[in-house]
Each structure stands twice: as structure tokens, then as C-alpha cells.
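Every chain is named by a letter (A, B, C, D and E) in the order it is written, and numbering of its residues begins at 1.
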Amino acid sequence: MGESSTMATLLNAVLWLPVVGAALLIALRGNERAVRTTTVTVLTVQFVLTAVLYAAFDGQIAGLQFGTVIPWIAQWGVSYRIGLDGVNVLLVLLTGFLGPLVVLGAWRSIEKQVTLFHVMVLLLQFAMMGAFLAQDLFLFYVFWEAMLIPMFLIIGIWGGARRSYATVKFVLYTAFGSILMLLGVIALVQVLQQQSGTASFAFADLYTTKMPVQLQVLLLSGFALSFAIKVPMVPLHTWLPDAHVEAPTAGSVILAGVLLKMGTYGFMKLGFPLFPDATRLFTPVLMTLSVISIVYGACLALVQTDIKKIIAYSSISHLGYVMLGLLSLELVGIQGAIVQMVSHGLVAGGLFLLVGMIYERCHTRELSAYGGLARLVPVFGVFFVIFMLASVGLPTTSGFTGEFMSLLGAFSAAWPQHLDGNNLPLVLAIVAVSGVVLGALYMLRLALTFLFGPVRAPHQPFTDLTGREVGILSALVVAIFALGLFPDSALRKTEGAAKQYQQLVSTSRVPADAR
Amino acid sequence: MDKTTLLLCLAGALFTIGLAGVVIRRNALVMLMCMELMLNGVNLSLVTFAQERGDMAPAILVFLVFVVATAEVALAIPIVLLLVKHRRSLDLGDYDVLKG
Amino acid sequence: MPGNLTLTAMLPEHFLLSGIVLLIIAEIARKGSKLGLWIGLAAVIAAATSAGWLAANDLSSQPFPWHFSVTPAVLTAKALLLALAVPVVLMSRTEFSDGEFNILLLSSLYGLCLLPSADSLLVLFLGLELMAMPVYALILLAFRRPESAESALKYLVLSGAASATFLLGVSLLYGSTGTLTVNAFAPLITSSDLMARAAVVCVLLALFLKAAVVPFHMWAPDTYEGASVPVTAYMATLTKGAVLLAAVQLFGNASLADPSARYVMELMAALPLVSIVWGNLTAMRQTSFRRMIAYSSIAHAGYLFYAFLGTPQGRWQAVLFYIVAYSAANLLAFAMMPVHEDDAARDRLDTLDGLFHRDPMAASLIAVAMLSLAGLPPFPGFTAKFVIFRSVVAAGFSTYALLGLLGSFLGLFFYLRVIQRMFMRESTVSAAVPPRAITGVGFARLAGVLCLAATLLLTILPGWML
Amino acid sequence: MTSGFPHLLAAIALLPLAGFLLNGTFATALGGHRFSHRTAALVACATPIAAFALTVMAFFQLQGQGFDPIVEPLYRWATVGDSSFDIAFYFDRLSAVMTLIVTGVGSVIHIYSTGYMHDDKSFGRFMAYLNLFLFFMLLLVLGRSMLVLFVGWEGVGLASYLLIGFWFDELANAQAGRKAFITNRIGDAGFLLGMFLLYRAFGTLDMDTINSAFISGSGAMVSASLVGLLLFVGATGKSAQIPLYVWLPDAMAGPTPVSALIHAATMVTAGVYLIARMAGIYVHAPEASHVIAVVGVLTAFFAATIALVQTDIKKVLAYSTVSQLGFMFLALGVGAYGVAIFHVVTHAFFKACLFLGAGSVIHALGGEQDIRKMGGLRTKIPFTFWTFVIATAAIAGIPGLAGFFSKDEILWYAFASEAGGATWLWAMAAMTALMTAFYMFRLLWLTFMGPSRMSHEVEHHVHESPFSMTGVLMVLAALSAFGGYIHIPHFLEPLLPLPGVQVAKEHFEQPLLIVSIVLAFTGLGLAVFFFGGPASRPEAVKQALLPLHRLLSGKYFVDELYERVIGRPLVWISERVLLRMGDQMLLDGSLNGLASLAQRSAGLLARVQNGSLHFYMMFVMIGLAGALLWSWRHG
Amino acid sequence: MLAVMGVIALISAASMLVLRQPMRVAIALISTMSSLGAIYGLLGAHFLAAFQVLLYVGAVMVFMVYVIMLLEVREGPNSPRASRWAIPGVALLLVLTGVLGITFLNAGLPSGTLVGARPFSISEFAAVFLRDYWLEFELTTVYLVAAIVAALAVIRVSRRSHG
């Protein structure tokens, strides 16, 4: 008992540390070095705490652990309700892990408004952590939207030439989804209140809400649109390439590493379990969209000339696997989806860091401006190849674990349906597997032009990676291989939650009289 | 059609003419007079109702309207004068610097 | 509790009145410019505090039965509105140095205080007039640019039309019911009598006119632009809020879900919805800050009237919360607007370009204000919208809620553009006037900080007000 | 079971990995080239040799327990619900053969490489990659679960990619690597699907379990043929069969030891291994087996025809490899799994020898690969020459040498197997054998015999390779000569029983043997006739059959076909349809359209606000009239 | 009589829309107001009638006329009398009048009521005003004070802007 309350305190500390840090930064009054050091320290402490919590977390339990509940807006049943469960535990760890790396990665590249930048990074970290930890729909929504603003500023202030367009697109896109979700939230809580007589925003209570299918469909569309934009799923993706291209490295890393996971996390935590019947009704549509995302993202990545765009489109493709795994409702697929989320965070984050490092040196992201970098900066080349392979999903890397398990889940779900005469899921699974080939195609194209062939790069000569950079990347590489070679411990942590998700989505929640 | 209805119709007509006067007439002073006309129309309806019911309350309101209308004119005329001074025109159509 | 009911129940009004008298005396003694601010401030604070104190003591009384009454809820509203007037008084210092401003403001506030307490339509009418009339003068008062006169005239004419329409409605109401009490209005809504309906429509439209709801909004942008910053701030927040509170009082327990109130429901849904869209769309293209805020306030009027679609039980709370959240944010933005010798220049949006580089605090606070106005969490603007839309959904008007939310999405763009200007552009103001050169900047800052405190309080503890 | 050495099999696999990590870190730019060439070479060679030694140990252990498979779990990769994915090693007769070949041939090629690559500036990197390859290859052959096999499977693909593109300064080399990787990936997609299907049916990916499930008949849930075909798609990728063979000839861009090790001896036979390993499925999948046989024989035939006219020494060998792999698949297709493995083994010996010999020639000539610019090397590099002769003879099927035995058995089963043998299969295979003999001897003659066609400068520099290379050549030549006497099919028979022979064809065995001997010598004779004599003779044939020649030297224009049919349309669709029309026009276009619509309507609304009080009041009137009229509704 | 006064009021009001000279408009308005005063008187509200004449005609309109004379505005024959929205304005005028008229015609007015049943006396008015409507009375004073301050302020501003 005592231990778990200690852990709950730690969890609160994890959440609020960045805010404290941000306050500290403002107090530092522009001492740049101190600002950077403080930020890294704060985020490192945060990461250590998440690691401790991760270690203490028992994955076999389906429910909440280390929870805190404080009534907030008591009249509506809104509480400050946070806690770890199997769905968020890995993502919290990932967020904590990427935090210090992002700041270290931006050590050199951010030169103006240093304090503001770090304050924004900390606030963003706070909002992201909050969104993952929240177990109350209102709280979740608040954090969900709160992520928007720091990201808006990060891209808008430190971004590239077309940043204005990109930020507006990013914000309006995401906000559009959020608005519809907001309506869904309101309606959902209203339904719950009518049913149970008490107002509550707690996830656990909302999971018991019974609704006729039509209502579920309506509400799911609101939630799903919001999440699908964040994921992003084709055809709601066009904000992502622009945002990625214009964002500074740190922004891209956070965006790819954590923010995109919000969408899939949202689906897993809310969208699907809240409306199981509608979900099952829409599974074919959503699966088709996921597979289209996989192929479409890959195809577009194939013809981009901007390095960041290639990685951006690859993100669209990779997150399609996550969706596929989640929709399979097979345990292996669900688990795979979680791993794929984390893996994509590590891999895409790493790739964006790498591109950022080369951009710092050469000031262009145009693919055709480069060639033979493996000769010029071999250490960079080595890391690039490792991340590229992880992105391609080569076994022993985390990318493989995620893709393999997601696809296995999708296929395992599809085959019996195929035997029953429903061929669509099988066709989708097969097309999704072809994404594996396309993935190799565009990543290898990138590597080919970028790393190999005769040496070609603007602003030569430049130095190979520095110790700081190697350190950042090595941390990511270790994580990638750890998840690729020994995913079991991670899977154990998520097992209970995955089962709960499976059970929630599989059980009909249509009221008896509405059937 | 009894008297009450006719008086009310007259009140409505006066009110509407007052409104329409602001739309139609360009002269600022005429416009102010039209606004007075509106209030007069309303007053008429109030008095009609008051007499119909034999109650004092609307009469009080009419009295208040007198006061308000007077105050409004007292404020409006200096404003118009100020405008005339700056725009050298009484034409409402010239008072359209603020727009968009 | 002091014995005299009239004295205690109207304590806030009395404080305001004493303030007015003291100010007039000071003005006559030619000490107005020195003492004006302090007297005004003291009167407003005293009034707000007394209202709050009375509310805390659960005072519920009718000093003038059928004319004027107070309940704790009404007193809370008064206390909050008067408290919101404090920043207005504080920020006035940058534009006004004489005592007249404070006399007129206090008079207007006096009228404002009457609105939520009014039990009689006569008092309501007087309250509306007393609130509006000093504002005509206030618009002109600074007279930094000739457009002020045009602005005042437009307000005067449209406001006069509103009064006339209101009176027409009142007379028809009297014709239908034979009384002039406020609570005669609500039952009228469900009447099928044409005259009763005409009465409802006229009163409603008069309120729309006062609160600037499309298509009765057109005075607002011109007036806001021509007025000075504190006056615009006052108009955009407090007067609008008071009108809304009056509307809530008028509607009482009437539920618009009643089928025979269908036409009111449709008006109450359609016009505010159009307002939301119209205001938010038009605000996109503005280059004047106050004009932009005017369009924003048109949209916000739309949200506020949306609250009437909801169930009657939570309406008061919802509207009051919205007003406070919205006003705090708006006042915050106005208070932090960079000062300038030239009012037209101060008003131009491009003076905000690169503000963060010149004045990080002002830029950050304005950014907070914009986000709150845009309704983004965690700021109270979001909670306020949430309350309103929740009640709309609870009443079964989900489609209107959806349309309203989509309309609010349109608004995001221009609020964010302000932030973009402040944070992401280079400063175009070559030699910004040093803030010290203009008096009262410190007071304006204080006003901003107060509004920020209110905003943050509502962010962290929205339940405190709900 | 595990006497003395707890993780013997794991150690076999992990040793090369250790080598890779050491060299990869310390002998490359990553660690600042801290290892000297000598240290790097030592580390790189010691690990495979040690692995080989351990393999031998494991073999004796296996023998000691009566060839009961050794199962060695290492750790649990993942647990999902009730089923789990274990990382475990499995060592039975088949694995033993493959492991021995991989570590054995691997070791000698490592040694050879230390000589061959000695002057390369990225020597450490090269050796590291070789070790990495070996690690993955060992995972592939030792894995118990298909998952482990797949790890190795993709891993060797990676190593192959890295090694083909080893000299990446030349863009073409890197492109060849990419082509190999992607072509393999296409196959891997099929493999994955097969794996998924098996997992769905059995809830496990352990190959021994799956096999026995099929054999015991409990695998009725899935069609064996479907699984078989899917796995075969994977095999066509890795083992360069039609339609995915195109990468292998290009893969010759890598250093020659790579071609020997990966693209001849070991990796490309992984597909054969896979199918032999999953024989339990194929036994029950006659349709799939038939497809394999047909694809195999067609690949063998067409690759051989292309090899007839190639002029690059390594390209000839590459097509020959494709062709030989076709033979192996033919054997698999007719159920003679043991024979296929037998050919894998012998092929590993002679093809490694040939490639290394070719490497020695190229080394001697300072990089020249065009056989038209060689000739007369017989005396200049005698060790190379003689070993090359032996290996050529072996592949050509000259009786007594390794290739003869395995190839003959394949031909026989292609003809007579009860599991799908057919005369036309035999006929095609026999024709291929004839062509094999012909083009191999053509290669031999053009390279070593006759007058020198080298430029003077090149000729001046010709030198025999160092002992590290020639020694290896001799070892391999010896194996090519005598390897055939180890009768692998017999050894594997308890595991992979040979198919029965169609009764009607039983008495054809002797005649066919003679036919194949005759074919081998005919090929030899023809080659000597055309290329031992004046150059006008082949030229005359070439002129006579010019269109055919052009078709063959153009490799049937398959690459071009793929480019036209798949490559370009893919890019076209992505660029024009998806990017331009989809993303830019449709999605962003409509978004920007909406945005400009909003802007324009904002402008319109702002124009409504025209500043005129008349107009404002008119709006009030409209509103008033409208609202009053509205209130009349709903009487 | 009532009808005559009503017609006069209506005609003079309508003429306000068409008369060119402001002075004539003012006279028309005065005429309207006077007839309204007469109507009030006829209805029995003598007190209000008196106020109507005193306050409106006596005070407001005199002020207005004074200003008209002060400005000496004479619209030339060329300057357009009507705004650009005159035609829709007239149309709306007709529509709105019609709507209001129909409303009144269809209104469920209690029929047969006695107009001026209770004579309207000034003393009663004063008594009621000061007894029942004391608050309104007080508020009116506040309003007037504020109005005076406001008017002074506006005048001060116009004086300031002059200099």
C-alpha cells in the first residue's frame, strides 16, 4: 500500500516536473547555457522516474496502477484522474525517453529565443504526458488540445521558410478533428449521465455506457476523425508532410516520436473500446483505410525529393500497421500495434534527428543535393543505415517486432473470415504485407542517393557526428535493438491491457432493448 | 376593427416609418427626427394599451421614454455637430470612414 | 446584516452612486484628473466587494417588490461584473486623464447593475439606457481621431433603434398580459397569440441588437474601432455580458424545447449560429485589432445566446461563466495592447508584429487571451464553451451544437494569426514608443495581471464558479 | 543432451556475431580504425573457424545420440496470450550438413578474403560484414522456429545488400545491392504470408512441430499447397528463381569472395534449405511441388542459355549459379529433397572454387573481368588454373567429380520420381546440363587457354595470388573433386526419404547415366571446337543466329521488362496519380480551395459592412420583419 | 376626431420621408407629435398629452429647429434626397407595416374594453409615480445626472477638437 502510494506520487511528479522546469527556466532569465542544462536535467529526471515506474508496473493487471484521483469539477464528475495502465505505460516511457534526447539534439540548432523554445518543449512534454496518463475524458481532452499550442509555436517560430502555412495547416487540421471529438465527448457523457444518473468522465465508467449502434456510429465518427487526423490516416494526412518539413528537428522528432502516437493511442484507449459495436461495424472501412495508408504513404515516400518528406510519408505508412494491428482484435496484433507505436517513435525520431544533424551542416534537405555521405561522414552513415533498416523492419530491430506482430494479427484475424467467405480482410492483409516491399523500396532509395555513390554535398567539408550526437543516437539504437531482440518484457507489461482492450471491443454494448 | 386596433396600427406605422426614415433619408438631422418618430410610435401604443387597461404603469414608461428621448437628442445633436465640423457634411452617406 | 433593506440590498449601487457624486465634486473642485482614478477605483472595488459580501451572506431580498430584487446568484453576478470593471478603470489611464471617464463609467456600471436585479421592465429599460447612454459619450471622450464621432453616432442610432424595438416589444407584452413585470415574459414564449409572439420577438431582437447578433451586429465593428481601447474593452465585455444576464432573467424557466416555443428556438439557434460563422469569418480579414475583436465579440454573442437552447437550470451559471471567462480574456488582451501616441496606429494589428521580441510579457499574456478566446483548453474559454455546448446537447439540440462547434472552428484562424504575428514575425515598428512615455502603462499592466490571475484561476479551478 | 557445452549451438551462431561486433566497432570508422589489418583479419577468421570447430563438435554429439535432433532453447522472444515465440536452435541431420557447409566454406572464404581484400582501405568493414553474414546464415540454418529462420533469412539479405554495395562509391554497385534487397523483399513478403498462415493453423512457428503436424495429418486447417507456394515465393527470391532471379547477376558487383560465399555457396541455397526443411508440407502438396519443379527446370534452362553468351567472367558464373539452383529446385519439386541438398553441398564446393578462382584471375589482372580480354593465363597463374579446371569439370558433370553425382541423381529423379517425375523435365534438365558443360568450358578456354588477349600493361602485372587464396582454392578443388563421394542423400534419408521410382521407368537408370555422361563430354567437345580453334568459328555462329544472340546477351530483356511493367508504372502512379492528383490536387487542392473560399466569403462579408448607417438600419428592418414573419409559423 | 388626428399624424409622418428641406421635415414631425398629443388627450391621458406637447414640441423640437437654423443647411436640388437603399427601404417599410398590422388585427385583444375607462389624472399619476414607482423616479434622476455629465463631456470634446 505504502509502495503504491509512493509510486502514485512519482507518477504525479513525472507529469508535473516539466511545468516546474518551465517555471525555473523563466526564472533563469535568458542564461542560455543554464536553460539548456536545466531542461536536460529536468527531462532526464523525468525519464528516470518513468523508468522506475515502468519497472514497478505489473503488466498482468488489466486495470489502473499508481492512480491518483482528485475531484476537479465535481459538479460534472470531472476529476484529475491519472494512472498507468498497460496501454500507456510504454508510451509514457517512450515520451520520457525521447524528452532529453530532443533537447540534446536541439543543443546547437536552436539559436534564437532559447528560453521560449525550452519552455515550449517542456510544456509540450507536460501535455503529452498528461494526455497519456489521463484517465478522465475531460482531462484527456484538455491535454489533447493543449499539445497543439506548444507545437504550433515550435514549428511557427523555429521552423523553415513555409512555416506559416505549415503551422496553420497543422493546427486547423488537428483542431477540426478535436472539435468533432468534443461534441462526441459531450454527447457520450450525456448518455452516460442519462443511463447511470451520475455524471462521470472517468474512462472506466464510460466503458460501461450502453448505446444503440446508430449513436455509437455517430460518436465514433467524431472521435475517429479526430484520431485519424492525428495518426494520420489517408486521406487526412496532408498536414503531416508540411508540418514535418517546416518543423525544426526537435519539433519533427516530437511530432513523429510522440504526437502521432496520440492518434493511435486515442483509438486504442477511447475510440474503439468506447464504441465496440460501431467499431466492429466499421472495421472493414477502417482496415481498408489503414492499408491504403500503408501503401499510399509508401508510394508517396518513393517520389519525394525532400528528405524529411520521405520520412514523413513513411510515418503515414508505418502507423497504418498500428491501426491494422489494433483492428485485428487478435492479441498478437494488438501487442504488435503497441510495439509498433514505440518502435516508430524511436525510429522516425532517430531519422529526423539524423536529417537534422546533416541539415545543421549543409542547410538543405533536398535529396538530390547529397550523395556518398557514407564516405564523407562514415559514422553518420552507420547510424543512418541502422535507422533505415529499423524503419524497413529488418528482424532484430524494433521495426520488425512491430510490423511482424501487427501483420500477424491482421492475418490471423483475416484467415478465418476468408474461410467463411469474407475475402476482404485477407486481401487487405496481403496488400499490407506488400507494404513491406514498398517500405524497403523508398528507404533504400533514400539511402542510395544519400549515402552512396560519388560524394556530393553542399558546404563541404564538414565534420562527422560529434560525441553528443553519437550519444543521442546510440541511446536510440540501444532501445531499437532492445525492443527488437527482447520484446518480451515490454509485451508482458502490456499484456493485461491488451487483453482488456480485446475484451472491451469484442463485447457488444448495445442496450438490450435496442437490439 | 375597433379603435384600439387602429391606433395600434398607427403606432406600428409610425414606428416603421421612423425606422425606414433612417434607411431612406440622407440628412443626419432628419434621421434624428425619424428616431424621435419611432419613439413616438411606441409611446402611442403604450398609451393605447394603458387606456385600454386603465393602468398607470405604461404611462410611467411613457414618461421615462420622454426623458430618455430628450437625453438622446441632447447627446446626439452635439455629436452630429461634431461630425458636421469634421466632415463638412450632413449627409449620412459621408459618415462611412469606418467600415470593412 | 444592517437593518435597512433598501440600503443593504442596493449597497453596490449606492457605492457606485457615491463614487459618481464624489467624482462630480472632485471635478468641480478641479481635482478630477488627480483623484479621478482613485475614486473610481475605490467605488468599483467597494461595490464589487459589497456585492460579493452580500452574496456570501446569502442575501435574498426585495427592496422594491416587483421592481428590484437581489438573490445570491444575482449578487455574485454583480460582484463578478464589477470586479471585471476594475481592469477597465485601471487601463483607462493610458487614454484618459480626467475624471469624466470615471463618472461616465460608474454611471454606466450603475445601469449595468440594475439589469440582473430588474424585476420590472421599466427598471430593465432604464438599466439598458443608463448603461448605454454614458457609453456614447465615452466613445467620444478620448477623441483621438475624428472617426470617434462617427462611431458614437452609429452606436447611438442603432442603440436607439434597439431601445425603440425593446419598447415596442414591452408595449405589446403589456398589451398581451397587462403587466410590466419581468417574469411575465417567459410564459409568453409558449403563447400562440400573434401579438404575444411579436412581443417576444421584439424584445429578443432588441437584446440581439444590444448584444450585436447578426443581422443586428453592424454597429459593433465600426463603434469598437472608433472608440478607444478601454471603452472598447468595456463595451465588448461588460455591456454585452449585462445584456445577456438580462436576457437570462427574462427567459427565466422557459425551455425552448417546448414545441410551441419552436419559433423562438429557431431564432435563438439560427441567428446566433449565423453570428458565430459571420463573426469568425469576417474577423479573418481584419487589420484593425479592435475591429477584429468586434467580430470576435459578434461570434461570442452567438455562443452566449446558444446557452438559451440548453435547459433552463444551468443557463445562468453557463452564461455567467462564459461572460467572466470571455471578459477576462478580452480585457487581458486589451490591457496588454502596446500603447501608442496615435490611436489609429495603436489599433493596427501589425503593431503586434514581433511583439514577443519587444515585450515578451505582453505578447505572452495576449497569447493566453487569444487562446482562451479561441476556446482552446486548458483556458477557461474552453470550459465556458464546454458548459454551453453541453447544455445544448443535453437539451437535445445536437445538430445545432455540431454546427456551432464547426463555426467556432472557423474562429481559430484569426486568433492564431495574432499569435503568429507576435511570435513569428519580425517587428515592423521601427522605433516603438518607449512605454514610459505614456502614463498609465503600469496601471494597464496591473489590469493585465489581474485578468491573467482570473483566467488562471478559472483554468485551474473552473468548479469554483460552476 | 548437452554434455559439457551448455549453449553449443548458440555459440556457433554467436561467434561470428562477436567477430562482427569487434571488427565493426574497432576496425572501421566507427571506432576510428583501432584494429590493425592483421588483428582484424585474425578476429574475422578465428570466429568462423571456431564456429566450424564447434559445429564439428556438435555433429559428433548428434551422432553420439543417434542423430536425435539437438534442441537448444535460448530465450523467449515474445509471449502472446497462450502462445509464445521462442528463440531456439535445432540441430538435426539437415542442419548439420548445412551448418558444416556454411562454417566450413565460410571459414575458407574468410581466409581467402584476407588475401583478396588485403589492399582495400575498408578491409575491416568488409571482414565485419562477412562475419555478420555468417551469423545470420547460421541463424537461418540452426533456427528451430521459422521466426529464427526468418531473422537469418532477412539478415543474410542485409549482409548481401551491404556486401554487394561494398564499393559504394560506384553508384551502380549500391544500386545492385538495392536491387538484391528489394527483390528478396518481394519473396520475403510471400514467406511472411506463409508463416502467418502456418501460425494461424498451428499457433506455433516451430518447424519440427509444423512438419510433424502435417505428416500426422492434423494440418487440415490450411491447404499444404497454398503454404507451400507462399514459402516457395520466398525461396524464389532468395534462391534466384524465376521470376525473381534478376538480382543475382547484378549482385556480382560485390567483391568476388562475396559472390563465392553468399551468391554461390550459401545464401542462395537458403531457399533450397527452407523447402527441404519444410518437406513435411511439400510431401502433402503435390501441386506446389509441381510448380517448384517446373519453375526450377525453367530457371535452369533459361539461365543456362543466357550464360552461353555472357562475356563477364562473374556473370557467366552468376547465371550458372541461377541455373544450378534451378536444378536443386527441380530436385525439390520431384520430392528428392536429399538430392537437392546433395547438390547444394557439391555446388557449394565447386561454385565457391570457381568464384574464388575467378576472383584470383581478377585479382591477378588488376580488376579485369571481361573474358574477351583474357586468355593464356594457364601458365601465368597455374594454381588458379588447375583448381579452376577441376571445378569446371565438376560442374560440367564429368564423371567422378562431385557435380556428376549430384546432377545425375537430379536428372534421374526428374525423370523417374513417383512424386512428379516426367520425361520432359528430364529432357529440359539434360539440355541444360549440356549447355552447362558447354559454357563452363567456353569460360575455361577463353580465360586460360589460347593466346593472350590482354593489353600489354595488364599482362605485365599478372601474378599468382598469395597462398591465403591459392591454398583455399586447392582445398575447395579437392572438395569439388571428392565431395561427391559423401553420399548426402543417404545420410539424410532417415529425415528426408527419397521418393519412390515409377515402376515403368526403373530400367532407364543405366541408359540415362550414360546419356548424361555423353552430354557432359559433348559440351566439352563443342566448347573446345568453338573456342579452342580460330575466333571465326564462334563468330560465324553468332552471325548466323544474331537475333537469338542479341536476345540472350540482352538476358531476354527481363530487367527492361520489369522496369517497364513494374518500376516505371509504380513511380508514375505515385508521382502523377497519387502525389499530383491525390495529395496536391485533390486533398490539398480542396483544402486550399476551402481556405480561399473562407477568405473570399470573409471579404464578401466585410464588404457588407460598408459603413453606411442606412444599410445597417436596413439590416435591422430585414431582421425585424423576417423574425416577425417567422414567428407566425407553427400556428 | 380620433381618426382625423390619426390621419394627420400618419400623413405628416409619411411626408417626413419625402420632404426635402430639413426644416419642413421638422415641421412635419411637430405636426405628428401635436396630433399624437391630441390623440393622447382624446384617449383621456391629458397629462401625457401635455407632456408630449411641452417636452417634445416645446423642448426637443425647438432645439432641433434651432440646430437646423444654425447649420443653415439647404439641400440643393441636385443633391439626392434619398439614400441608395431607398427602394428596399420603402419595400421594407410596407412589409413591416403590413406585418405589424396583421399582427394587431389577429391579436387576441380583449374586445369591448372601454377606452379611457379610468380618467387619467395628474395627481393620481404623481402619486403612483412617487409611491409605486419611486425606484424608477430615483433612477431617472441618476439617468439625468449622467446625461448631463455626458452632454457636457461631449460638448467639451467638441470644443477641444475645435482648438
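Assume contacts are C-beta pairs under 8 Å (C-beta built on N, C-alpha and C of every residue); 3 or more make two chains touch, one makes a residue touch a chain.
Computed from a predicted model, the values in this text were never measured in an experiment.
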| item | value |
| --- | --- |
| For chain C, the least number of touch steps when starting out from chain A | 1 |
| If a chain touches chain A and chain D alike, it appears here | C |
| Highest C-beta pair count, chain pair | B-E |
| Longest centre-to-centre distance from chain B, chain (CA-based) | D |
| Most widely separated chain from chain E, with each centre as the mean of CA atoms | D |
| Nearest-to-centre chain - CA centroid comparison | A |
| Chain B and chain C: spacing of chain centres that average the CA atoms, whole Å | 26 |
| Mean-CA-position distance for chain E and chain B (Å) | 6 |
| Centre distance in Å when chain C and chain E are each reduced to the mean of their C-alpha atoms | 30 |
| Whole-Å separation of chain centres (CA-atom averages), chain C against chain D | 77 |
| Residues of chain D whose C-beta touches two or more other chains | 606, 609, 611-615, 617-618, 620-622, 624, 628 |
| Junction residues of chain E - those touching two or more other chains | 83-85, 88-89, 92-93, 96, 100, 103-104, 107, 109, 133, 136, 140, 143, 147, 150-151, 154, 157, 161 |
| For chain A, residues contacting two or more additional chains | none |
| Inter-chain touch pairs (all) | A-C, A-D, B-C, B-D, B-E, C-D, C-E, D-E |
| Residue numbers on chain D that touch chain A, as the complex places them | 28-30, 75-81, 83, 150-151, 154-155, 158, 161-162, 165, 168-171, 173-175, 178, 181-182, 185-186, 188-189, 192-193, 195-197, 199-200, 570-571, 573-575, 578-579, 582-583, 586-588, 591 |
| Contact footprint of chain E on chain D as seen in their complex | 612, 614-615, 618, 621-622, 624-625, 628-629 |
| Touch list for chain B against partner chain E, complex | 1-10, 12-21, 23-27, 29-30, 32-34, 36-37, 40, 43-44, 47-48, 50-54, 56-57, 59-60, 62-64, 66-71, 73-75, 77-82, 84-86, 90-93 |
| Contact footprint of chain B on chain E as seen in their complex | 2-3, 6, 9-10, 13-14, 16-17, 22, 25-26, 29, 32-33, 36, 39-40, 43-45, 47-48, 51-52, 55-56, 59-60, 63-64, 67-68, 71, 73, 75, 79-86, 88-90, 92-93, 96-97, 100-101, 103-105, 107, 109-111, 113-118, 120, 124-125, 128-129, 132-133, 136, 140, 143-144, 147, 150-151, 154-155, 157-158, 161-162 |
| In the complex with chain D, residue positions of chain C that touch it | 153-154, 157-158, 161, 165, 192, 194, 197-198, 200-202, 204-205, 208-209, 215-216, 218-219, 221-222, 259-260, 262-264, 266-267, 271, 278, 281-286, 410, 413 |
